[in-house]
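Labels for the chains are A, B, C, D and E, by order of writing; each one numbers its residues from 1.
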Amino acid sequence: SKAENLKIGMLLPYSGAVAIIGEEITNALELAFEEVNYEISGRKLEIIRADTEYKPNIALKKARELIFSKKVDILAGTVSSSVALAVRDLVVSTKTPFIVANAGANQITRKKCSKYIIRVSFSNYQINAPMGPWLANYGIKTAFLLSANYAAGKEQMSAFKSTFEASGGKIVGEEYTPHRKTKDFGPYLGRIKSSGADAVYVFYAGGEAINFIKQAHSFGLADVMKITGAGWTTSPLFIPAQKKAALGFIGILNYVPSIETKENLEFQRAYKEKFGRIASEFAVQGYDTGKMIVEALKSLSGDTSNKELLAEELSKVSIIGPRGPLTIDPKTNNVIQNMYIFEVVNSANGPVLKILDKIEAVKDPGTGCSL
Amino acid sequence: MIISLQNISKSFGANNVLKNISIAIDKKECVGIIGPNGAGKSTLFKIISGSLFQDGGSIIFNDANIDKLSIEKRSRLGISQSFQSNSLFNEMTVKENIMVACSQSFKVGWELFKSLDKRTNIITKSYEIAEEVGLTEYLDFRSDNLSYGLQRQLEVGLAIANNPSLLLLDEPTAGMSNEETKNIVKMVKKLSTYYTTIIVEHDMDVIYSLAKKIYVLDSGDLIFDGTPNEVKNSKLVQERYIGIKQ
Amino acid sequence: MTTPVLEVKDLNTHYGKSHILQGINLTINRGNCLALLGRNGAGKTTTLRSIVNLTKPSSGTIKYFGKNLLNQPSYKIPSYGITLVPENRGILKTLTLEENLKIVSNKNDKDNWNIEKVLEIFPSLKSKYYNNCFDLSGGEQQMLSLARALMLNPKLILLDEPSQGLAPKIVLQIEKVLHKLLADNLSILLVEQNLKLAISLASHVSVIGKGITRWEGEKLDFVKNVDKHKEWISV
Amino acid sequence: MFITEILNALQFSMTLFLLSVGLTIVFGLMKIVNLAHGTLYMLGAYIGLSIWTFSDSFWLAFVFAPIATAILGALLYKVLFKFIQRVDPMRQVLLTFGLIYIGLDSVRLIWGSMSHSITTPELFSNPINIFGETYPTYRLFVILVGITVLLILYFVLEKTKMGAMVRASVDDHETSQMLGINTEKILFYTFSLGCGLAGLAGVTVAPIVGVEAGMDMEVLVLTLIVVVVGGPGSLKGALIGSLLIGFVDTFGKVFFPELALITIYAAMALILIFKPGGMYSRL
Amino acid sequence: MNAVQYDKKLRLQLFIILCCSAIFVNIFGDYFTRFLLSEIIILSLFAMSLDFLAGRGGMISLGHAMFLGIGAYSTAILFINFNIDPFLCSLLAVVIGLIIGYLIGFIIVKTDGIFFIMITLALGEMFHSWAYTNDFLGGSDGISGILRPKLLGMDLNEPLFFSYYLLILLILVYAFLAAVTDSPLGRNLDAIRQNSGRVLSLGGSVKLYKSASFGISAAIASLAGSLYAQLNGFVSPEISHWTVSGEGLIMIIVGGIGSLSGAILGAVVVHIIQHEFSKLVDWWMLLMGGGFILVVLFLKEGLWGLILKFKNYIIENK
């Protein structure tokens, strides 16, 4: 008899303003599946896309449909943390393995962790914590925090704050701007400039990242302090629009395109060939998600009848992806990965991210998690 | 005495529309107010009904001062008016128009459950009113499909549906054909046996046949008052208002 | 014989499904006033609106100096020399009185009507010249509406109940103005409930009842046999 | 810092003014609830982006993007808005909501879902020193554009018959026709002008706030707030409303950053409770 | 804004047809269809509350999702923090919605038209922002872990029972709103929508009538919010975003404003189409937008108007 397809449900925003992230993740995941010709042990891999519209309630509905009507074997995705948290109880109660490919809320692998939830992306703490001591060491004594006013923004700032202060740094001010509603940073830039801090530490994404960087440049912020922050602020997705304004930014992230490993070079080449642009960190997370799925299914020879086993197998996979070696922390099911500290510098092809430092095998402390 | 206006004055910016007007009207009297266009007649009505507040003076209605009362409170005390320009519920039929008006006087406007269409007392009353204003044939017409004259009739109908003790009619017959004018006159005559009525009109025949007493306003001043006959013979009124045909 | 200013034949108009005008005929000659009489709801207003195509007639002919008016867009009609003074007076309430007059495009000939001239015959408008129009008294509105129509320098005015709501003195004044206009060879189609005024101005009378022209003829004929028309108008 | 903030507030106010003046004309004068105004703003920015990418000249974009949106507005008027002139506003809301949806996806299909930006023109690339504070020159240019548009419109709408004719056409189109006004044509041009102004706003602020799908909705709400606070249909209202909201927002962010999200809403709610028709209502 | 003419009989007929199809779907559907049905019923409640407000009272609220939020958050907090029985939570949510709605209504009903739209928008957005940044309400991540009631020995966490439970509530709310629509209050609201000045001069307390109906509508929206929280097991600030109110308005316009059953039909059609389109293509918004435009251009009174026409056609051909 013909074997049934292996169904992977993708819970991502495919419409609206954040669709680009959904697109990146899915693109790269397809790339990973293409490497095995969409087939594992005679079963075809099938991707079912479900547009979350970046709204938790819609996502939950789509997740229900994927699980109950489409009968997917694995659920992957969610860009937004609130979406991930919304579907959390559902996937746990239905024992559906769920690979988090972006959402960074700490609780997903802490208080709300579960053996069915495997995060291959990052936790907000994990990304920002190493930057505290690093910047203190770099000579930054005082910093001003700036990010959007929502859970992820606040988590990232507090992660940085805790380690920065522990390393002797001082936070001289913090500001949280209306999330996804701030177009003009003018009013904040004035305050930051006059705060006298050695650096501003920011986290923004999307249009806000572009606007912040450009406006900071036009107000001459870099003349008085260092602009630093979580690396998404100058993601390869935004650099083409930020152009020279991004130069000098120091950021930290789990991936930068300029990593010179053969895995990354190969991945970037393939991505560029197929989609015509440099792959972003979101794409890498999508690719690694795909790789993990493939590896886990391979070791089960495509047998997905036992969900518990499948989830276990997924959390045991360890691969070397474009961002380096990845393993899943058995304590939390959060990924253990390298962090890259970079600076935006000029090159013949415009601004690029130059790696300044690499911090290996960073984990999330995973307080409060019991699997 | 049902209503007494004491030294009412009103101005819009520099325009003194009413200057110290004092009028007292007895119960069940029918009073006419005439005067040139812009004399302030409609303004006076609006002040009595509460849609405008006077700048000075006071209004005593049934021995109580009503200066501070809002339009709807005055209406509930029994002051009801028909407007110079039609003010109807355009998407409703004639019947519904009158029924909504009646629901106020029956004090059921806020009731939540029993359907308005099932309240026989209101329906009966509505038919009576429709008959009085000569709209029986048009009960199921939407009011915005009526001709102007018929709309005027409904306008008066709404005013009386409110079961008023003081009825203010602002040019009730303007735009009505002779036949309909006659009907309205007949109707107002009948009404004025149980309501107190104040009428503003430019049709002198109507005024003469209805009003016992006529006040003449000109640029905010009360220039004359008297019986129809006295008005007819007044040179002043002739000159200021009626005009002399060459 | 000269061509009549306006000649309407067998005009039919519907509002949705209801057949309101079912055969209207009228003729107006130069410098004449035709009084259109009938009860409330007879279709007088609809007739005027059909002539200027604000309500689209369903059939019939409308000739203005022999020229076909049927299906002409309404905004072009004033440029031929016809205008309508509507029964609701059509005051543009968001405009000031000045703007109400000024938006009328008129050629500034000496003999023509202009703002100074209309203010002369309606002096009470002067004091309100810069006011917004929504608080004009009824009479003031009517005067403004007439003044504005004159500014178009029309050859034919359609007047829908011009005396409505006006003080007797003003009615006399308007009567005078209209007489003068008639003397200046303007033609008027007058809808009026004030029979006295209508008869004083008109040279011809047309009676309509339930959307049909019931009688048409000279004023004198009409006055002599007024009783004959009892069914369609009340006297 | 104070001067910077005042200039920021002024710049934001002028951006709001550019946006709301088009809407106030269409909405206040023509009584069309055009929620797609934000979409035209977004299209102005995107069309500007394309012109700038191909020609490498911001100034070409600055001139032609508004023209393009005005033409687009004209087309929309001919095929859609003409038919919903005098219908119930709710249906206008639905129709323009439909346009918002279409606009959002069209932009994504044509320009992709990436966020873009237009580089500040060479002329304004360097900040200027004002009383010892560096301030981006381009922002001063935005203020200038706002003032220029204000003056031109003031002249056209208030000092010529045009404004009165537009209002007349909306107020009572039948009477206006009886006065010889071709109401249809007047409304057509007015609508196109309103759309063109939206496009102008889009391309003008693109170098500051970027170009991305979704930018329409953010400004839509802001613009509606300005129009309503100022009083629909009034140029003066749009100006006062823009200044008020611009300053309240900017200084709210400076002094009460925690309340940044709600300051303008609170300001609007308060104004409407005390002035239920906006500050300078025509109505 | 014109409400459609009421045709009481047709309204009821349509409602019965809709209920019967709901029962049919519930019996023969699978887990997900039942879930979808539940969601649609909740949206229908919300749409009806808006329909009553806009269709009868002429008050177009672009902030009505605030009351969804109030219902949902109060349910969440009462359940999670105070451990109150879920059914009681819903009842309390209705009361809270009613009181807050009435008080807010009392302040804002003096505005009209676009000003009313904007002031409701402002209030809604303020609520949304507050929920978005307030830690007690879970901030942007919201609150999860909300359970459904157990009633008469039935555990409503079983989807089949829950959708019946919702259907019963829908019938109750429909009956209530239908009665109010025809009651003197309903007719007075109609009258106020058409000419509020005249109602005042007839002695009607326009402000009281309007704020009372705002309260009623808010209570129903709040009920819908409470049920939505229980359906999903969580609540997040998105529920009170103004676009949710906007979608609600779309549903009632598509359905036909002022007809109650039309609102339900609108909710069903818009929701299902949106769900299906979004599976079909990524640019489903474009399709939806085109659909709205077609409705505006060709269905004057929405789907309700279409049904009305169909009915008249049948009568004429008999």
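Details
The rule is short, and it goes like this: a residue touches a chain if its C-beta (ideal position, glycine included) is under 8 Å from a C-beta of that chain, and two chains touch if they have at least 3 such contacts.
Every value quoted in this text rests on a predicted model; they were computed, and no experiment measured them.
Note on connectivity: the fewest chain-to-chain touch steps from chain A to chain B number 2.
With steps allowed only between chains in touch, the distance from chain B over to chain C comes to 1. Centroid distances from chain B, each centroid being the mean of CA atoms, peak for A. The centroid of the Cα atoms in chain B and the matching centroid in chain D are 47 Å apart.
Averaged C-alpha coordinates put the centre of chain B at 43 Å from the centre of chain E. Note on chain placement: the centre of chain C and the centre of chain E lie 51 Å apart, centres being C-alpha means. The distance from the centre of chain A to the centre of chain E, with each centre set as the mean of the Cα atoms, comes to 37 Å. Multi-chain contact residues of chain B (touching two or more other chains) are absent. In chain C, no residue reaches two or more other chains under the touch definition.
Residue positions 2, 129, 132-133, 283-285 of chain E each touch two or more of the other chains.
Under the touch rule stated earlier, the contacting chain pairs are A-D, A-E, B-C, B-E, C-D, D-E.
Looking at the complex, you find that chain E touches chain B at residues 2-3, 179-180, 182-188, 190-191, 194-195, 197-206, 208-209, 212.
Of all residues in chain A, only 15-17, 19-20, 23, 149, 175-178, 181, 183-184, 186-188, 190-191, 193-194, 206-207, 210-211, 214-215, 218-220, 223, 237-238, 240-243 touch chain D in the complex they form. Within the complex formed with chain C, the chain B residues making contact are 12, 15, 34-39, 42, 84-85, 145-150, 171, 174-182, 202, 204, 240-245. Touching chain E in their complex are the following residues of chain B: 49, 51, 70-73, 75-76, 80-81, 83, 87-92, 96, 99-101, 103-105, 108-117, 119, 158, 161-162.
Contact residues of chain D toward chain E in the complex are 27, 33, 80, 83-84, 88-95, 97-106, 108-109, 217, 221, 224-225, 228, 232, 261-262, 265-266, 268-269, 272-273, 276-278.
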